[in-house]
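I've put the structures underneath this note.
Okay, so subunit A shows up in both of these, paired with subunit B first and subunit C after.
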Partner chain A sequence: MSVDRSIETAAPLPRIWSILPGPEVMRALGMAVLGLSLTLVLWQLVVTLFGVPSYLVPAPTDVAGALSRDLPLLVEAAVPTITEAFLGFLLGNTVALLVAVSFVYNKVIEEMFYPVAILVKTIPIVAIAPVLKIILGNGIEPKIVIAALICFFPTLVNSVRGFRAVNPQLLELMHVLSASKTEVFLRIRIYSALPYIFSALKISVTMCVLGAIVGEWIGANQGIGYLLLQSMFDFNAPRLFATILTASVIAITGFAIVSMLEKWVIRWDPGAAM
Partner chain B sequence: MISRRSLLAAASIISLASLGLAGVAPAYAQQKQVKLQLAWLFNGAAAGEIVALKKGFFAEKGLDVEILPGGPNSNTVQETLSGVAQIATAYAPEIMYAANQGLPIKTFGAAFQKAPLTFYSLGESNIKSVADWKGKRIGASQGATAQIKVVLDHNGMKLDDITFIQAQIPGLLQGQVDVVASWPTNVAQNVPIVQNPAGYNTQSIWDNGLQFQSNYYIARTDLIGSDSDMLVKFLEACDKGWAYAADHPEEAIDMVASMSSAIEKDKELASLKVIVSDFIYTDETREHGFANISKDRWNATLQTYAKIGEIKPELTADDVFDGSILAAAQRTKR
Partner chain C sequence: MNMMATIAASGATRSGDAHSGDVRLSQARNAIEIDNVAVTFGGSSRAVRAIDNVSLTVREGEFVSLIGHSGCGKSTLLRTIADIIAPTEGKVAIFGGTPAAARASRTFSMVFQQSVLMPWAKVIDNVRLPFEVGGANPKAGNFMDPHEALKLVELEGFEDALPSELSGGMRQRVSIARALVTRPKVLLMDEPFGALDELVRDTLNVELLRIWKQSGMTIVFVTHSLHEAVFLSQRVVVMSRRPSRIGGILEIDLPEERDLALKDAPELGHHVARLRDMLGAG
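Here is the complex of A and B:
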């Protein structure tokens, strides 16, 4: 079918270095590092000049000290949190994609279950977390489900929109070529949805870390959430900040991985192809 | 497809983890499995139970106990009711609220003989008694408002006579509140107050009209009836654990630390020493034995809560307490 080629000609073979950051990205990175350093210097100055006690706001040097001192502890705590967040990310997004596909192909299902999806979204996670623990026990499962719940909605909404955002002329063409529903899905809809899905994944990859942490607050003796709680309870602000930083690093790393995947998968110009 | 894969991945991680655990823990084929849900994270306040686990005191009694950590969002009453755990530790207010709703749980022992909740103020503000709270800003967690109400009521005041602010120790040090609630067992956290150059004042709920105990052991009412043997053994093992923790505090804290990497041992050690000397062992345990609960005390507490309208007035000690386990257990008097 000629229509395939019109999409695929824009896509050269995947080259691994094509997903690595280019010079413009390096510049952006450099500027960000510069901005961050200036903020840190300012923060240190304010804390030192005004004599802010370290139990309230620790100076960057205190946080750095806690980081180096507690690094093994932070790494150890990161492992379960990353595991929960990643599994929750997989679960939440897989379910969201399957539901999105069923919505696109069956109007009745959409009419019936879209309100349910909105309901799921509006449930306050902190309120549902203890209930999930009662249902699923004290292990890794409630944490994964909480992370999945947080991921579910953005991906659902975006992918439904993406699967629908197909150029009608393309659909007509496929119809003329007597393409089956499966062919339309695999050749047209997926390509139209991918940019939308990746936007959603970028949101949910940072949110799922938050979900895992909330999950750990209902009862855990390991993980970033546990470390946050214990540090708060001990008024150990430097370690609290170091733990917050670790959570951010996990989320940012997830974001970077999804961004690189996006670059690798979407090798056409989404605007032009649609 | 991927969902199955992720489930498989989860399953394999869980099975790997359980394999790892099985490798460490000796297998007790004949042991009765019991889950204990703590109200808080693993720390010095659970040292006795953790020692009983690590030193094999539970195993000696034929119990294979798993201790589950709690946290601020943990509701141990619900978790006991739903069967997440057979036994839990819980605080007096939530037990009374549960009884008020007619929920089938009861206390059968109390590790802490006195509830530690105490209100701290800096020497500068000259707050010598609860009477001096009038017009002051009182900081505590949201859950402590009922306790504050009782203490105020005991001194002829109402909640409107003070300003309640959700705050912790930093709030006091920053001048956001005049009085702040804390536990004297949190020795390290209280250091900035205790070391205040102008001194500090305290008013505990215990000395101000609210004498309930803390870290109660709770179980479902039907379990207390049907498996009292297990609960008696459990209580005896905890007794032994706390006695060992009192005699070997350093070793006890090492055991606690082995279950929770983030605790700071020196802080927890200081905390454990206060817990043992002031809260686990008191005149009442010297006379009646470990984890003692006084029925009169429960009745008095229920009355104070009924008086401020928190619970129904017809509740009595029998609605929250079953004395059969304490009576059947061999308990250390110290």
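Here is the complex of A and C:
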């Protein structure tokens, strides 16, 4: 059979290859790098030609200088921020998933607490931060909670939608097979929700870095947020830009890790009609 | 009421034929009894009567097709048998018991128009699903080895493929294997080949007949193809539209052994023409 062969050729690829980017992605990446380089050249030209002082707007070369000079400082600042962001990511998403599961199991819980979740969402995170500092003190805890809060909502909304986005015919099949609610959940709903959950995780992995930095602004003596404020007070614009860049690298790395995890977990085609 | 008489009469003739050597019919019990079933959808203000006053008896081992215009309630009737829809009036019995009990004991299996596979699960895991949920115990029942079920639908070697790697016809075979794996006494099929192209449909028709012969199952088959209905069935139930009732039943007196050549045979054409008349009248 001809179909036989197509499967044989598709299957032997080692698993690790499937999560690495393909040629289309490499091309997109190349174009992005090209665009970025052109922007940097333009930036450098404008700053040099108009003689903008580096304490106002540093040229890319100034930022590069600050990066290499302050690298130990930046790494040292990154460690607590990454820790806070990561723990906040875990906490926020775990709670969001558990709440989503309870919503799917029990309509009444959803009716009661979904409005509460929306209320929490509408309060600006910078407004909650001081409250959390009073409650939780000056340590790592308020930063984790702020990062968690920022992750919570997108994951809650997306996973509730995902748990419900089940092919209705699969539910009928499970009904014919007399499957219990839990069996439907474990065998159908979780898998149907995974694509939705991963798109939420991709949002929240970048947001949790923001949350940790906001937390550090309210009160900290270490971390990226702290270094940003310090650089601002010192009028050290090159280091300020280098710190911003570090924050961005942390967020992008997080995004890349979650994307690779997504490719590794979701091997089927979620859009395919069966 | 006229209808009822016809059904009863045809039932009697068949049992009378039992001596003629048809093993399947000689011990024929009633597999499915539908007694005065009506199904109404929607609330009292905007209620839509999907089927009305339907009575039908399907004997064990019989192959019965339901045909009719779209929206005539043939799928609704099948889903009422499968306990997906509860009848508003009347009752359905499967081997004398309730559809819910039959569902729990895996007395029947259902095949849908779409293959309804779990896209994240390998073919073999999809076939194994009926063992693993709903309190089914593969050791207690006389369930089939999932590999054997795949062999029955000629899909050996595809155990570890994902559904997305298969063609539409192959996916539908997987869903048939999943239905057969519990060795059901009754197979309910809701336009199972409706989404496939004609060549694949022809092949699967022949294979379905082979499996039906081997297993002695009772099959209730919903289709909108008159040819398919005549080719497969011993009896074709024609459902009328508005009110959605049984408009008539046609006995298909074609030979037991049927192959693809029969699809083009004039005898088949006669039956199809007859059905078309009945549909028009209904």
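What we mean here is this: the second predicted complex is superposed on the first by the 258 of 274 C-alpha atoms of A that agree within 3 Å, B and C clash if a C-alpha of one lies under 4 Å from a C-alpha of the other, contacts with A are read in each partner's own complex, and residues count from 1 in each chain.
The rule is simple: contacts are C-beta pairs under 8 Å (C-beta built on N, C-alpha and C of every residue); 3 or more make two chains touch, one makes a residue touch a chain.
No experiment lies behind these values; they were computed from the predicted model shown.
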Handout entry: Partner chain in contact with A:Leu56 - subunit B first, subunit C second, else both or neither
Key = first
Practice task
In the overlay, work out which of subunit B or subunit C sits against more residues of subunit A.
Solution key: B
Exercise for the section: Scan A:Asn236 for contacts with subunit B and subunit C and give back first, second, both or neither. Expected result: first
Exercise for the section: Examine A:Glu262 and indicate which partner it touches, taking first as subunit B and second as subunit C; both and neither are also allowed. Expected result: neither
Handout entry: Touching partner for A:Leu177 - first (subunit B), second (subunit C), both, neither
Key = second
Practice task
State whether A:Glu110 touches subunit B only (first), subunit C only (second), both chains, or neither.
Solution key: neither
Practice task
Determine where on subunit A the residues touched by subunit B overlap those touched by subunit C, and list them.
Solution key: none
Practice task
Provide the residue numbers of subunit C that touch subunit A in the complex, in ascending order.
Solution key: 82-84, 103-104, 109-110, 112, 114-120, 129-130, 132-136, 157-158, 160-167, 170-171
Completion exercise
Within their complex, subunit B touches subunit A through residues 2-3, 5-7, 9-10, 13-14, 37, 41-42, 68-75, 78-79, 82, 84, 168-170, 173-174, 188-189, 192, 259-264, 267
Handout entry: Of subunit A, residues touching subunit B in the complex
Key = 53, 55-56, 73, 76-77, 83, 87, 90-91, 94-95, 98, 126, 129-130, 133-134, 137-141, 144, 217-222, 226-227, 229-231, 233-236
Practice task
Report the residues of subunit A in contact with subunit C in the complex, numbered from low to high.
Solution key: 3-4, 6-7, 10-11, 167, 169-170, 172-180, 183, 187-188, 191, 194, 266-270, 272-274
